[in-house]
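Just so it is clear, A, B and C label the chains in written order, and each chain counts residues from 1 on its own.
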Amino acid sequence: MAKTNPGRFFEDYTLGQVIEHAVPRTVGEGERALYHALYPARHALYSSDMFAADSGLDGSPIDDLAAFHVVFGKTVPDISLNAVANLGYAEGRWLKPVYPGDTLRSVSEVIGLKQNSNGKSGVVYVRTRGLNQMDEVVMEYVRWVMVRKSNLDAPAPETTIPELKKTLAVDDLSIPDGLDFSNYDFVQAGEPHRWGDYEAGEVIDHVDGVTIEEAEHMIATRLWQNTAKVHFDATFRPDGQRLIYGGHVISMARALSFNGLANAQMIVGLNGGAHANPCFSGLTVKAWSEVLDKAETSAPGVGAIRLRLVATSDGSVGELKGEDGKFLPGVLLDLDYWALMPT
Amino acid sequence: MAKTNPGRFFEDYTLGQVIEHAVPRTVGEGERALYHALYPARHALYSSDMFAADSGLDGSPIDDLAAFHVVFGKTVPDISLNAVANLGYAEGRWLKPVYPGDTLRSVSEVIGLKQNSNGKSGVVYVRTRGLNQMDEVVMEYVRWVMVRKSNLDAPAPETTIPELKKTLAVDDLSIPDGLDFSNYDFVQAGEPHRWGDYEAGEVIDHVDGVTIEEAEHMIATRLWQNTAKVHFDATFRPDGQRLIYGGHVISMARALSFNGLANAQMIVGLNGGAHANPCFSGLTVKAWSEVLDKAETSAPGVGAIRLRLVATSDGSVGELKGEDGKFLPGVLLDLDYWALMPT
Amino acid sequence: MAKTNPGRFFEDYTLGQVIEHAVPRTVGEGERALYHALYPARHALYSSDMFAADSGLDGSPIDDLAAFHVVFGKTVPDISLNAVANLGYAEGRWLKPVYPGDTLRSVSEVIGLKQNSNGKSGVVYVRTRGLNQMDEVVMEYVRWVMVRKSNLDAPAPETTIPELKKTLAVDDLSIPDGLDFSNYDFVQAGEPHRWGDYEAGEVIDHVDGVTIEEAEHMIATRLWQNTAKVHFDATFRPDGQRLIYGGHVISMARALSFNGLANAQMIVGLNGGAHANPCFSGLTVKAWSEVLDKAETSAPGVGAIRLRLVATSDGSVGELKGEDGKFLPGVLLDLDYWALMPT
């Protein structure tokens, strides 16, 4: 019994600690097809090798969020097995496209620790990097989680809270080598709206909705080798419900955002994100976006757009928090990211 | 909000109009595997690269119906988003096998228009072509749908009803280059019955049944990037049920028809088809076929067989319509197609 | 109607009879991805091409159990369509890894027959071999099933019960050419425990559980082209439930066993197995293992470990049978296999 993984507790983390996560994973055409089967994903750059090649890439990459899920999934047994809550994300950057055949692994560094005043838990900050078979970093992000202590007598570590950017600047973003939207085909991409057509403050209702099924979220979550018990075992929670992996909601909302943001092709930065309320099967996920910012880039024909992506379970649009400052009950996700669009 | 796609209304179509549909899609090994996971597909030519090579092809193609679903799915946002009913199919021809790695796109031409006498809707006829990355037409078909008018004051177009063949003749069919069933392996294909063993009027009960699950039809429908709301959003219909994409029933019935028609390997023509009654999860789909016609072809060892494929929800066999000329309630699909068999 | 497959009955089998099963199947990256989507599979050798290459293989093979399912699935229409019960397995050996792109077919030989005393059924023993496109045997196993007689007047065959090894000796196992665990990366594999850390009698509770969904087991079972009615048709059983394919439980339990046996990388032998109780959707599958034996091998750094893998529906650990010698109601599977581990 000592051979199974009990997960790390708060006192097991030390500042500067580097954790190499198991298990490496080769992602391929199968993962690409499954991504399209699980989410209504239609962004042309990830659907068509020809469209991607015409944009200067070596064929169609694995969806940016699929790369994120693979990198993230590996960290679960080491970071969040005993987590009470997933508190936030920051400084997420996609540095290189992931192509079919690439093998990914993940490494995290503990960059912050703060024991809670109750002495029973603490907050752990990690910067996680996903690397490919050539040891190139394909993406990185900071995540902080609240983790239980196992030994309540363990001394509290010195409190260190990392300085994290609230928002990545456009110069922080990495534009894939060779990316060129000069000859972008708006007809094949599905919408005529270019970067110049969007303005900060604009809210877009993505209209469509998908009702969540148990089988689908489990297939998705396993695909990323995320094995957190609460997503799979109906006997684990007192109410007999399985909690939907937050990444499933992220991918569902992003795919739904095609309708109105079909040209927000590549995700390159994650400024922050909150899983506002838990998601369960039977709920119908809809999404809306707000344009937060825009910036020019040095790549030909490529503009950056900063978007808030909100997933809801009640179809509401434009409302996030109540007068008490808390997320409204119909909000599932509040995500702040940078995407690349044709200018 | 103006950035999302409201779909076209009847008055938005004009005769001769050519619509290029988004989004191009590279289909590969993943889509092939998923087709086998979603349907009990066993036709050897689509299961084994070796069997296909022994039949003169460059490896195992993507299932003919998968190619159809990909081509069809792209047309949904432009043709049937505001459709009241899918009225019929005609002159469907598979012109080239689709292989893993091919990138498909779709183009439709409006070939007929007829406003309904109530002035609130009309029938639109389109001929849709699916093209690969070399701009070769891999398949085409005619489909007509009833579409609502948005502006009831818009003038009625001149009525044009295209002349459509009730049935494709064998000379209208395209036999894949190199196809050769001279050395066909009936043991590996699964049944001994050859083209000569079937005769017009023969009815085959395919025996097996599959109970439909919500997760499965949604995975299938998304895989073809068909995003029609009614298939995904349980809040869309007053009764809370999701409507099963008609193509899911077609593929399920075709796969079930292996048991009795294992050697009807390739679908090359679609003469017509009707989604007789809506399908919902929980129903158990069974299938039967009737041999309608047979014809010789010029390819070595290859015969053509015209089949009626009927999907049912009640296990009935051989009955289609009641005395009132309407489809019986247990009939889901009535499809008329040409397939190629070893002689 | 005579064209559909009624399946073989007991009197249709003769000793020494060789049955070539339809339909050949090319397995690829799609099947690999689906295996990871359907089961919480994390063994590094099957997840990462790099890890497999570092272990001396030509990239990551298709999971051993996926190869088993493909080979097994083909036998269903010929062996178990009219089976009353799946009685046992023996002498299962994996002889060559199956790689993406390989095409598999199956051949069975009848090696034993015994009519039951009631005259209504009998036991058929077959040795099944799976072959790749180069006619190399990739795996083989013996299985015996109880099959109904159709013609009760058919004479009983001479009783022949094959001599089967209760347990394969380590010399009976085939170690893949080139396999070398000398430079095994325990961090990337996910656990530090090596072959030397396990001892006979040790029991490991694998902790995690997965609740079974109808959509998932049907997707899995179809993927292996196993078309047994009871798995798909809710109208087939009086209680309206679909019986879960026993192989789905095997794969689920094996994948769950990663937690505690992450380094039991390759399955090379199957000594025996029993589907102790039927599995239905809604049950939560958990697993435990018992170390039964250990043996050295001639491959560098590679040890063999013999394991009992038990799947349960009630989370029990360490208990198999009641005082009456029958499996306890919470036991779904009792499997006895050999795996390869780093020493």
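The definition used in the following text is that a residue touches a chain if its C-beta (ideal position, glycine included) is under 8 Å from a C-beta of that chain, and two chains touch if they have at least 3 such contacts.
Keep in mind the model is a prediction, meaning the values are calculated, not measured.
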item: Fraction-based call for subunit B against subunit A, same above half, different below; value: different
item: Copy-to-copy rotation for subunit A and subunit C - C-alpha atoms, rounded to a multiple of 5°; value: 120
item: Separation of mean Cα positions, subunit B and subunit A [Å, integer]; value: 36
item: Residues of subunit A engaged with two or more neighbouring chains; value: 28-31, 33-34, 213-216, 219
item: Residues on subunit C engaged by subunit B in the complex (per definition of touch); value: 1, 3-5, 20, 22-26, 28-31, 33-34, 77, 100-101, 103, 105, 133, 213-216, 218-220, 222-223, 225, 227, 229, 232-236, 242
item: Residues of subunit C touching subunit A in the complex; value: 28-34, 36-40, 42-44, 47-51, 60, 187-191, 193, 197, 203-211, 213-216, 219, 259-262, 282, 284, 315
